[in-house]
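Accompanying notes for the structure given below.
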């Protein structure tokens, strides 16, 4: 089992989640985040004092999938999240040691 | 006497029983009556001024958090910019030739207008509140009352142009509202212009009758908003590929409800204030009629949304209350309480179907329902005068003897005048706005760029988040419903419909 | 004259020194006095109308964000629904037989009531503001003033039934408040009913005296809230297994403070307005007394919480200010400034201990302290009249010659009248509500289902989040304190006490 | 007559054409005039009372969410604490010897002051509104009007001491404002004190002229705030190591805009109310002048920030509007509309440069710009009287015959009086505050500890989060710009400049 | 060392954290999230326009424990979070490479 | 590739992010969290009812780095976040299986 974590632009969340529905994934967990990549933010002025706005809002998606589906899901997310502009985001995967579905007590792949 | 105030010396000592004594008492009585009227005119004027807080809360609550700063800045900039335009030229155009205002001790100076007697087109006194001796107590109080009415028309358009208009274009719209769009039509109706003189000139009822401004303020604002909304086009993502509208829930329903309740409070200045004085005891009836229409409009919208969509819709119910308020504004002094309840109820019906019409059929994206609440129900308010006026008020209105009567009380011609007023109001407000901003559109973009609109307008246009300390949630809860589920393994069918 | 207003023609020309001339002057003077009273009655009425914004902010700020939409919808629906109920029958029941209202130019029509002279039980004129010639200027202004007082009682209950009542039951409660609970007791006190006539009929002081409504409005609202809160039961998780209360912090303290300050502003209409006119110069003293009680109530609650719990509690301090306002409402015109300060201070004491009593001992879950602020301190306000009235005002009150005096000024019987009023008010408001809603409870559930209450009522009942764009934090910061720490390795002793 | 109101019996019956009849008519006319003035005085007083809601929204919106509870509690505690101090001693010090107030039916009792005739220093009647027969209708209404002016000065300081003062010190500041700082200077200006008598005593124009309080209220508040801000020192992190200021964006721009608009509404009571009655018809001009200055101040600040920093700054534009309001407060009754527009514009200029001055050069950390808006522009308001007063009003002001004229209308000496007033106002407000709080500072800390300031003051000082249900974002968006980028591999050069 | 991540219903957070206190875990980190599992959300109507409410609020707990305690802690969380209704949530574990306590500089298991 | 997760005090976020800029890391993702360590919270009183305030606001930083830079970055974060008071926080690392940069499609270390 793998945990896919995707950092995407907030206004692309609709499309990415739609794409994941199309793939009938087990579930989705979304957390609000802020971030920046190589390209640092810009400067704004508030009452005459300058301040750097580096961290821009991002959506952080977590999807647990079977090892077999990792690539399909990752590609689908990337395709839906792409806007060809700076800050489109990153997707990484981590191997899970165990998974438990609380309601039924199922474990491992059945719990996805 | 106390430093800082030189009130007229109160007649402490005995007044002799002579003509001189009696004249002194008469002048003091008249002075008192003007004072009472001034107190009422200014206090109600201040309540109307306060409506800007209600509008600010309402429209900001009905739009998304990423644009809250933009919405609020538009509301306060509208106040300042339109005020200056009206002070410079607007007031003069509208009331330059209105002549003496009875209740305010006869303000003579505003006495020159373009166009002869009964077909006045444009006032020509009172520019910068200087020309033609406008620097006079009565004129100033009158200006205060009239400027806050104009401001209301200026706030109305914000609801329909929200979340996509750029600030520069918005300022132009407000300048035009204060200098041209509102005052010209306002002159025809309240400045002694040809619409109000229809009764005298062509014997059509009492001419166009609009007690507190369903047409002059609300319909004007609504139709101007319609023209701008059409030229702007819908927000990104508002209409799915199949043309059905997507919901963009307002970011703060407590703002929406509080804004509506503040507007109810402000409306107590809007309608009852339009008697220009407390010497006209009708103000009690006007106030009650106003609240009745508000409550019945609310109850209808709440029940209708409850039955039609399964749950009472909070923002539509608030729109129902506002629709009732807008509709009762023109007839409030001429109708009985039961009629006000009915007018409010019908306004509730109209606003519900009108929002659906503009959303689904006309496909004009109106984030706050401003066009339906103020345009459609403003027009209905004008019509209502021509139907329900029961002849208990309005003796000699617009120079026509006898009280104002509607169709149900035997006067078909009044209805005709109201219909003419509706049509002229629409053609003027919608027409002039559409023409001017079609030109502006060709010259400079009137919308913010797509990426700015998606990211939220606050930072790009004003350099500051409205809620920097709160974590905002990404896209609206509505999830990309455009995708049909297909089992895993097949290539994904992710749509990239959005630029 | 100006289009749109036909103010009475001002006496420009000379008035001859004849009886006819003098009569004209006299009628104009009387007209002016009625105008002044009308301006004062309507303006203060509008301020009371505006209190709904204060209540909306206060109670929504004192409850959790997941129910903010439900709280706000209840506040605006209460206004509309109770208004219609009062317009239909409530006003007639309360003031049907009140007779002429001096300050408003003698509104004759409201002149028929059930029950003979001094034991009036129910008014019978003015249904739908039509029957018995109620379509009259003075009656309308009077209706406007009285309806906003009834609305206040309607808002008060929202604080105590919050976060668990379902919307349907709430609407029934508001309809009953507007049509029955408030008007009947209101008739006995202000509509010329038997409670106000106790002085004339049984020689008990001036009969029940309640200048602006500590009893009629606030105690009624408070005791109705008590009955509903008992029938509803506490919110899920409010009481731990060992019976001690758990804290549910309000989601927005800035709403709480701003709501309180708006209520202070609105109260300037509530108390000073109850003279029904500015011709009664006592309004200055009433306004100052009101603010004094508010400030002393606040300062006590702030200091008490500071010393008892180590830190001044913002929401309790606000409750202290409101307690002072509620308590001074009945005695405000009859007492001296120092007495107002004392009444407010004692109200601050009462509200602090009363909140603790209902929370810990009576175990009645009252999220906003409405029962303590309005019920307990409303009753104290009635008592205060019977103690501190210093005889400087109220000559001929309720038809009894002489000014109103309290115990400390030599009139024990006035205190008796006040005690009777307190008892009758409690029995009526608590009793009728408890009976009716016990029946309703058997017929349909009056609470939202458990899962709805846990998830937040906004979406299940109204289909919309109040703050869709803000990320809300899960459960209250209070962490499951019910568990005794045991070292790792032993089987966990997680309690699953909550359904 | 109606229970609950004993309005004077209206002269229903005929009045004979005799001296007795005429006297009755005269007394009723006088009574009506006093009623009208009382209505105006109280209603405008209530509007000024309502300004506390505007200040609460404004300053809380301009500071960070983690301190929102502290800001709101300061606003409501300021109201209660300063009120009690003013009720106890402040009012007596300020108006103890002011004598009869014409418009309010000649309130005789306030008639004893320390210091002879033209050099009154301190009033000595009216302690606890009891001593010297202060328990009188006129005095009470007058107290109500004056206490809300004092409160305004109390609110102003909150903006400059925000986010670092501890609650105990704050309460001391408010007590002093209500009991000493405001009343003493207020006595010199409005209580018949030596500053207002400069014209009579030393022939300097009409003595110090301040119609509604640019100096008495705003400059006093501003300079007190300056002293406190200096003693408190800047917030942690406000100034980088190189001394340049860091931006701490306000947490809620919608609060800032709504607060400003509420203050505009409240100001309609502040300036027009200062005629102490509607019998003085100048109130119309005062209201229009006030709004003109507000709008021009806003438009300048918006345009200036737009051109200088590339984007119109919402909070600075609001400060521009408030600057205009503060500046027009002193001259509003004495100047023409065009002059008001100019005064407002110049105030806009002053506030923009003053905020930069205090932020960058004087390095006084003023989170909301209170010192610039109220101190600097309050002083400018005083000056403006000495420049633009056009002689159309103010006949016999401060006992000096003839109307008030400024430099541009031929009276240099009035300007001198204004300059003296400015200087004395600064020395008094700044001086006394600085001295007292330097002592307090040595005795007990006046700031919250560093960890409390970093974590947010709400929980440590009041035990409750202001927004417990909302997830707040950590540090301001401004990211540690102090670090020069160096390629990976080298040891990090993280600065630990912050304690 | 293992990182346990649990997605639970917000109103169960009280009990779950109470259970963790009972086990004397080293610490808890809670993040607000939104998510849905197999069972998709429902449709709401706003001013006449329908919209899907799929992502419902969830609490996302992270607890670092020694390998030995993983199962005890996971079971305790599951037991406390269970309401036998849809959306009770999931618990997964990930192996940590390193752990550092900032205040003391302790590393590895001591830093829990 | 390693994912570094750091839980730090919110008012130290400025310094930590500054330190990371100084190291020219590929990007930063920040999520708002609440947490407590060994030392449990304290009790507050709201309208007479006591409640435990255990979970205090924390900033949760995620930084993806090459294996070689892990220690440098972890130390830099620890140094910048340290205030020698309770609750300074923890830093842990997890090995990533894959990484993708959405905009360019780069994978692995190039995608950092």
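For this structure, a couple of remarks:
Each chain carries a letter (A, B, C, D, E and F) given by its place in the written order, and its residues are counted from 1.
Here is the rule we use: a residue touches a chain if its C-beta (ideal position, glycine included) is under 8 Å from a C-beta of that chain, and two chains touch if they have at least 3 such contacts.
On a predicted model such as this, the values are computed, not experimentally measured, just so you know.
Looking at subunit D and subunit F, the chains that touch each of them are A, C. Listing every chain that touches subunit B and subunit E alike gives A, C. Seen as a C-alpha superposition, subunit A sits on subunit E after a turn of 120°, to the nearest 5. Set side by side, C-F and C-E show the greater C-beta contact count at C-E. For the self-contact between subunit B and subunit C, the two sides draw on mostly distinct residue numbers; the shared fraction is below half.
The distance from the centre of subunit B to the centre of subunit D, each centre being the mean of the chain's C-alpha atoms, comes to 32 Å.
Centre-to-centre, using mean CA coordinates, subunit A is 18 Å away from subunit F. For subunit D, the set of residues touching two or more other chains reads 17, 25, 29, 32, 34, 36, 39, 43, 105, 249, 309-311, 313, 315, 463-464, 467, 470-473, 476-479, 481.
For subunit A, residues that reach two or more other chains under the stated contact definition are 17, 21, 30-32, 34, 44-46, 53-55, 82, 85, 94-95. Taken pair by pair, the chains that touch are A-B, A-D, A-E, A-F, B-C, B-D, B-E, C-D, C-E, C-F, D-F, E-F. Of all residues in subunit B, those touching subunit C in their complex are 17-19, 22-23, 25-26, 29-30, 32-34, 36-37, 39-40, 43, 47, 64-66, 98-103, 105-106, 189-190, 192, 196, 210-211, 249-254, 256-258, 260-262, 264-265, 268-269, 272, 274-285, 287-288, 291-292, 294-296, 298-299, 302, 309-315, 317-318, 321, 336-338, 341, 392, 394-399, 467, 470-473, 476-477. Residues 32, 34, 41, 44-55 of subunit A are the ones touching subunit D in the complex. Considering their complex, residues 10-11, 13-19, 21-25, 30, 32, 44-46, 53, 57, 59, 69, 72, 75-76, 79-80, 82, 85 of subunit A touch subunit B. Remark: subunit C residues 244-249, 309-311, 313, 315-316, 355-356, 359-360, 369, 471, 473, 476-479, 481 touch subunit F in the complex.
Those residues of subunit B whose C-beta lies close enough to touch subunit D in the complex are 1-12, 14-17, 21, 25, 28-29, 31-32, 34-36, 38-39, 42-43, 45-46, 49-50, 52-53, 56-57, 60, 68-69, 71-73, 75-77, 79-81, 83-84, 87, 105, 128-130, 135, 137-144, 147, 167, 255, 458, 461-471.
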